[in-house]
Amino acid sequence: MTTRPIDRNDLAALYAECAAALDDGEYERWPAFFTEDCSYVVTTKENLERGWPIALLSCESRGMLLDRVFAVQKTLFYVPRVQRRLVGGARLVGAGDDGAHARASFAVFETLVGEHTTLFAAGRSLDVVRYEGDALKFAKRTCVLDSSLVPNSLPFPI
Amino acid sequence: MTTRPIDRNDLAALYAECAAALDDGEYERWPAFFTEDCSYVVTTKENLERGWPIALLSCESRGMLLDRVFAVQKTLFYVPRVQRRLVGGARLVGAGDDGAHARASFAVFETLVGEHTTLFAAGRSLDVVRYEGDALKFAKRTCVLDSSLVPNSLPFPI
Amino acid sequence: MTTRPIDRNDLAALYAECAAALDDGEYERWPAFFTEDCSYVVTTKENLERGWPIALLSCESRGMLLDRVFAVQKTLFYVPRVQRRLVGGARLVGAGDDGAHARASFAVFETLVGEHTTLFAAGRSLDVVRYEGDALKFAKRTCVLDSSLVPNSLPFPI
Amino acid sequence: MTHKLNVPNLSAAAWPEEGLTRVPYFLYDDPAVYALEQERIFRGRSWNYVALAAEVPAAGDFARSYVGDTPVIVARDKDGDVQVFVNRCPHRGAQLCQSWSGNAKAFTCPYHQWTFDLKGRLRGVPLRKGVNGLGGMPADFDPARHGLQRLAVTVRGGVVFASFADDVPGFAEYLGPSNLAYFDRVFDGRGLRVLGKQRQRISANWKHVIENIRDPYHATLLHTFFVTFRLWRADQDYAMKLDATGGNAVQFIQKVDRGPTEATRETTSRHADVRLADPRVVEAVPEFADGKSGAMQTIWPNLIVQQTLNSLATRHAVPHGPGEFELHWTFFGYEDDPPEMVERRLRHANLYGPAGLVSADDSEVLNVVQLGATKGPAGRAVVELGGAGTADAEGMVNETMIRGFYKHYRQIMGI
Amino acid sequence: MTHKLNVPNLSAAAWPEEGLTRVPYFLYDDPAVYALEQERIFRGRSWNYVALAAEVPAAGDFARSYVGDTPVIVARDKDGDVQVFVNRCPHRGAQLCQSWSGNAKAFTCPYHQWTFDLKGRLRGVPLRKGVNGLGGMPADFDPARHGLQRLAVTVRGGVVFASFADDVPGFAEYLGPSNLAYFDRVFDGRGLRVLGKQRQRISANWKHVIENIRDPYHATLLHTFFVTFRLWRADQDYAMKLDATGGNAVQFIQKVDRGPTEATRETTSRHADVRLADPRVVEAVPEFADGKSGAMQTIWPNLIVQQTLNSLATRHAVPHGPGEFELHWTFFGYEDDPPEMVERRLRHANLYGPAGLVSADDSEVLNVVQLGATKGPAGRAVVELGGAGTADAEGMVNETMIRGFYKHYRQIMGI
Amino acid sequence: MTHKLNVPNLSAAAWPEEGLTRVPYFLYDDPAVYALEQERIFRGRSWNYVALAAEVPAAGDFARSYVGDTPVIVARDKDGDVQVFVNRCPHRGAQLCQSWSGNAKAFTCPYHQWTFDLKGRLRGVPLRKGVNGLGGMPADFDPARHGLQRLAVTVRGGVVFASFADDVPGFAEYLGPSNLAYFDRVFDGRGLRVLGKQRQRISANWKHVIENIRDPYHATLLHTFFVTFRLWRADQDYAMKLDATGGNAVQFIQKVDRGPTEATRETTSRHADVRLADPRVVEAVPEFADGKSGAMQTIWPNLIVQQTLNSLATRHAVPHGPGEFELHWTFFGYEDDPPEMVERRLRHANLYGPAGLVSADDSEVLNVVQLGATKGPAGRAVVELGGAGTADAEGMVNETMIRGFYKHYRQIMGI
């Protein structure tokens, strides 16, 4: 893999663009922020700390991301809503064979049709990023929710 | 108009300073972040998507910003409160004749005197920025609230 | 004191790392973000505006930070929880004999074991930073909570 | 004291003996009063505003709304009639329609896909006859008895009202002649154009906003913006007309250009020589033949019709528990509005809604009245301006319309 | 109407006269009904799921759980027995245990450090005899009378149930023979391995999720993912078995490979030729000797046992007030699972839980049913698919299990 | 069980038959009990702490506060007297004063600008006589009958108390001699200097914090910081004095320097040889003539007076519904404090309040007691330390002050 150093602006842009694609409902743009052999996981602090392998959502390939997007857009039933993500504290914390290791904190706000905006979740992400050509991508992304308790349901990725 | 490229630090500073002026109650500093011929609009996702032209707040000139500030400081009645804005995901998304196009996400927290801090709103802004001299300014700023439902009232700009 | 100009990336990193240490429960890492002769204060907008000197938490030396960490880790009783901080709008606003003056806004989210994530606090920090060797540190940090009313208790620093 | 323990005695004896010059505060936070209001007022013999017909112009168009706090669907059927249904599937109760608006050929329940046509008739029960001879509905299952719950509907001047009652009087009779005339003044048969929505949830009982509109006294005292920029004055010509029940009332104002009087001196702003930097926000042109610059109407139980400057809006007060309500504003104009009139209506909207330079005052003060009235010992409002009666009146220093509202309220609630 | 005022008449007369083909909606939001459910159902003669024994494998291991909405501690004592206690200190009521799980030699209350052994016996009262002859407990204070409140416990196949009642029947009798057989099919005596938890709080009454599971009708209609990818079809072999009370029920399915029939045409997806980009998420291997590809069981009052594809889970429906409940999913496998089976179980979990490609539909629809059923006028569900009875049945178009649930519910609640 | 259904039988029979050694848990979450407390305790014959007089030093100074959960305004009038009013406009009930503190010549209601002087008298009704002969108040409207609701006020040693009752005994009699002496010890007539506020909202019933203060037993067991740094020990000299009603109580401690005893061994920290890196946070100088290092007093119903190290504070427990209360801490010193004493008071405040190295323990444990006591089956606390009586006592292992509190509580509540 490339040892090209990660430009902080690229990292910030990756987080911002990925969040915006989901917030703006442009789910079809989301898989392209990941490498082909990516892993994408949403789990809880509880599962992580207990060493339990179950995740709320666990994709082992970009194909699974595409299937998730298909479900979100075509098969899942959910009450109409919009989410809004704020990502903070993005930073590089090391590097491994798989790419550069990054961390960030996030809060997700949710608005159901006709309702107030509410806090949906907060947590942190443990990420591995690397360049594919000029584009920085997630090779691995693990979103860890602080709460064990999901408010109603989680139809979308974090 | 100038084609001078937008410095990302200037964009970040514009968002930060504009938010801070409102959060700190220094409303009189707020109009200066806008060009003279600015447009400033707060609307909802519902109005935007339905193509309805109504906005919660709609200023067609810096003069109207000044009038709004006058009202906030001198004529409006509201329960004492403080707001706090977090802006995230600021990014440039293109350019037009009117300036550079930028986007950001925001959350606004509100604290009424004697009460807990609550989530007031989340949403995104669709902005056009350009330099006036050395100062980057909003030529156009449209804040789109995710929720159709304002908690109580919205005496201040977003 | 050094007049070395503050690198914005260092400032962003200081805020991010300090927040992450607390969020991740690595309290023992927290005092190192401060100078030996630091002052660290958490107070409320109410106390600040009334000119009342009381703070929720007031440390006059790094020693007091260490004692606070000892209490958090060894003596305080509190229901298990995790917090998550989002810091925004970090900016330099001037300089004094004591270092460079910085400001930022923050929101703190809290998750009690088995419960939803909730908004714990929002506010701003009034900070003085300076380099010790290569490391940027807080010489003074005053976190001002927007609300006078703490939800339950505040066992950790902000 | 018993009502503080949430066991109000809803007989007439619970009302203060002074009568309509007093309003007891337990009306604003008692859950049992609230539940009874839903039954007797909103699901009783009332015409409840639900939408403008222009929100559902074409067959299949629908919009969600409320009758009291009951969610309903407003839909245009293929005959061009507007239908109003309870938003509840007759099978096992799922909310049928989640979207706030749209166009549909039929309504299909998300749970088991029972399908209802635009008149609310049950048209499809998947696998109704079972599969391979197993299961399905009993042979005597009669779809005609399992349609959506339909409300009675009346449309006048492009405004849609609905009722749970079959025996509610016709709309003209319901409104009474003087109020009907003012309703018809705005809704004069011209096509309406929806300009958009503003919605807010206010921490106050729904009745506070009706009282607020029926209270001209506050306008020159609370709304400093109006007074500062000389849009309103205490001695302007002002008249109020109530129907016989008191449930409907209209008030109208005429902009006057006189010098200061004693009354304006009592209410003068501290900012006497301030001018707007961009006065377009309040520049209006006369648009009604009667020359009246504004008229505000409240229609029993929870509709407000606003005509002020060139701003037109319905305001629908939707109860949301005893201590909260939502105010849904629908701004509109006429189909034949020239562009500059549309622009004016949009600009004037800066005065109204949750961010309104004037209306934000009201949103805030409603909150403050709810807090004051419901926290602390039992108490009651004093409503004596203009006396103790509920007759038509002139001048702004008069609470006759508030007394009129509670005259009808007591009648309907049996209190 | 009285129940809308929160004074339900909980006699049998409150039930619609049609009987079990109707379920009145006040059961879903009335606080008094909710409180009575806690007393009569959850603290009555029931076996309440609390945990898998594998969550507390070693002496001193503990985990928090709920019986109804009562917080309890599940602990393994030194004799290897599983104990269940109310999570409340007998001194002044502090919640004894805050952590969600852990290992402890004893439970020490945070407030005054009273200490209880793993059988719940009071073992230590600090300064019990006072200090310097002052204070302390009276001489006749008997620690044996101040232990933790212990529940009756039964463990079968590695699953832990608890009861507030001393006279609840044995678990085998409680479940009835047909349901016991299916329980034993999954919990066959092999050691269980916990794979993890998913938890969600849903804005619906807890009974909605039990109805949802007992409702095969919705599966081919709501779960578009299943239908689109041909994992489920309306005409598959399907059978339901209830115990004599109706409180326990199991349903099982057999994957069939036939061409389209009339029933599948009625429920066909619009996306007929779509294929999964990475189909591993649904690739299962048969694992039970009876060849059944799936079985779902509900055990009175609030446990669901799921076996679908290679995913195994208990789902514990924890009431959280009338309008909310939590669903706690414990995914598990067997200790002797080969690695590729573990992988499969983990992958299939993408279908279930709050983010499940299938189960998210249910979470959302429960919310929608709660809203629809409880907002608006009084009403009742129509539960007529398959007739009016509560007998075992075949085929998916049948609500017999819902009727069975309410047969038992009425019996226990006296309504 | 009936009280779990929110219908407590508030006769003496509802109390456990053991008497004051038991406290039933429905007192902590029943809305009807809560409402009755507001009427009988806080709006009854009690002296309710509202502020320090030093918060309103000059004429026109005001501050908001609470009597029970009733919002009140505390104001200094032009005669120098402190006045306490219900924060409610007598017109239509708006909360008169929104700001938390300030200085005003008069109070003007935001809604219609009725104006009240600093004694609460109605001084201005805008447009009272109407305009142009139209409207206005009736001729017989008597402003003297429409002033603010004033409470009885007593000020002692710079502390302000208010009462809804006219017939409450004088403050000295109310407190009783032994408690009055300790009150006067801190509030000795010197001018007070407000150092600031700390406020927290705690998810517990307000009575829990009163019990907590009246419970010396927990101090050496819960507060590890105290024990670790040898600021507190179980065998220190300790005495408690109650007034005849039980409603008021004071306890005082004397720092002792002895070696370990059996009692300290039972409560010793695991961190025996730890030293503070910066011990200034606990370095105190003696400041009271009696040599007592600390005294804590609770004054019926909801005031706590704290003197520990050199930290002085009032703690006002403001009920906020059955399951929540706010604790408002006002830290103060004396006007004649030298700078280093002010510094010490500020530093010692690190031990108290929501972030206090000691008090955070209490905030958290109150939450835990509320959860434990109110979730689950009906139950009651065991309050037997030191026996069953309510007399003065010595030593820390004694719950006499808790029993004393409920002796008075039962008397006032009629339970």
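Letters A, B, C, D, E and F mark the chains in the order given here, with residues in each chain numbered from 1 onward.
Throughout what follows, contacts are C-beta pairs under 8 Å (C-beta built on N, C-alpha and C of every residue); 3 or more make two chains touch, one makes a residue touch a chain.
A quick note: this is a predicted structure, and the numbers were derived from the prediction, not measured.
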Mutual neighbours - chains that touch chain C and chain F alike: B, E
Those chains which touch chain E and also touch chain B: A, C, D, F
Interface numbering overlap (same over half, different under half) for chain A and chain B: different
Between B-C and A-E, the pair with more C-beta contacts: A-E
Chain D and chain F, separation of their C-alpha mean positions in angstrom: 44
Interchain centroid distance [CA atoms averaged], chain B/chain D, Å: 31
Residues within chain D bordering two or more other chains: 98, 100, 110, 201, 222, 364-365, 368
Multi-chain contact sites of chain A, meaning residues that touch two or more partners: 77, 79, 86, 88, 107, 113-114, 116, 119, 148-149, 151
Graph class of chain-chain contacts, one of line, ring, star, complete, other: other
Every chain pair in contact, whichever chains are involved: A-B, A-C, A-D, A-E, B-C, B-D, B-F, C-E, C-F, D-E, D-F, E-F
Residues on chain E engaged by chain F in the complex (per definition of touch): 31-32, 35-36, 38-39, 43, 69-71, 86-96, 98, 110-113, 126-127, 130-132, 134-138, 141, 146, 149, 164
Chain B - residues contacting chain C, complex: 9, 13, 15-17, 19-20, 23-24, 82, 84-88, 107, 109, 111, 113-119
Complex contacts: residues of chain A adjacent to chain E: 42, 44, 46-47, 50, 52-64, 66-68, 70-71, 74-79, 148-155
Complex contacts: residues of chain F adjacent to chain B: 64, 98-100, 110, 201
Complex interface listing, chain F residues touching chain C: 100-101, 194-203, 222, 224-225, 228, 269, 271, 274, 276-278, 280-281, 326, 331, 342, 346-347, 349-350, 353-355, 357, 360-361, 363-365, 367-368
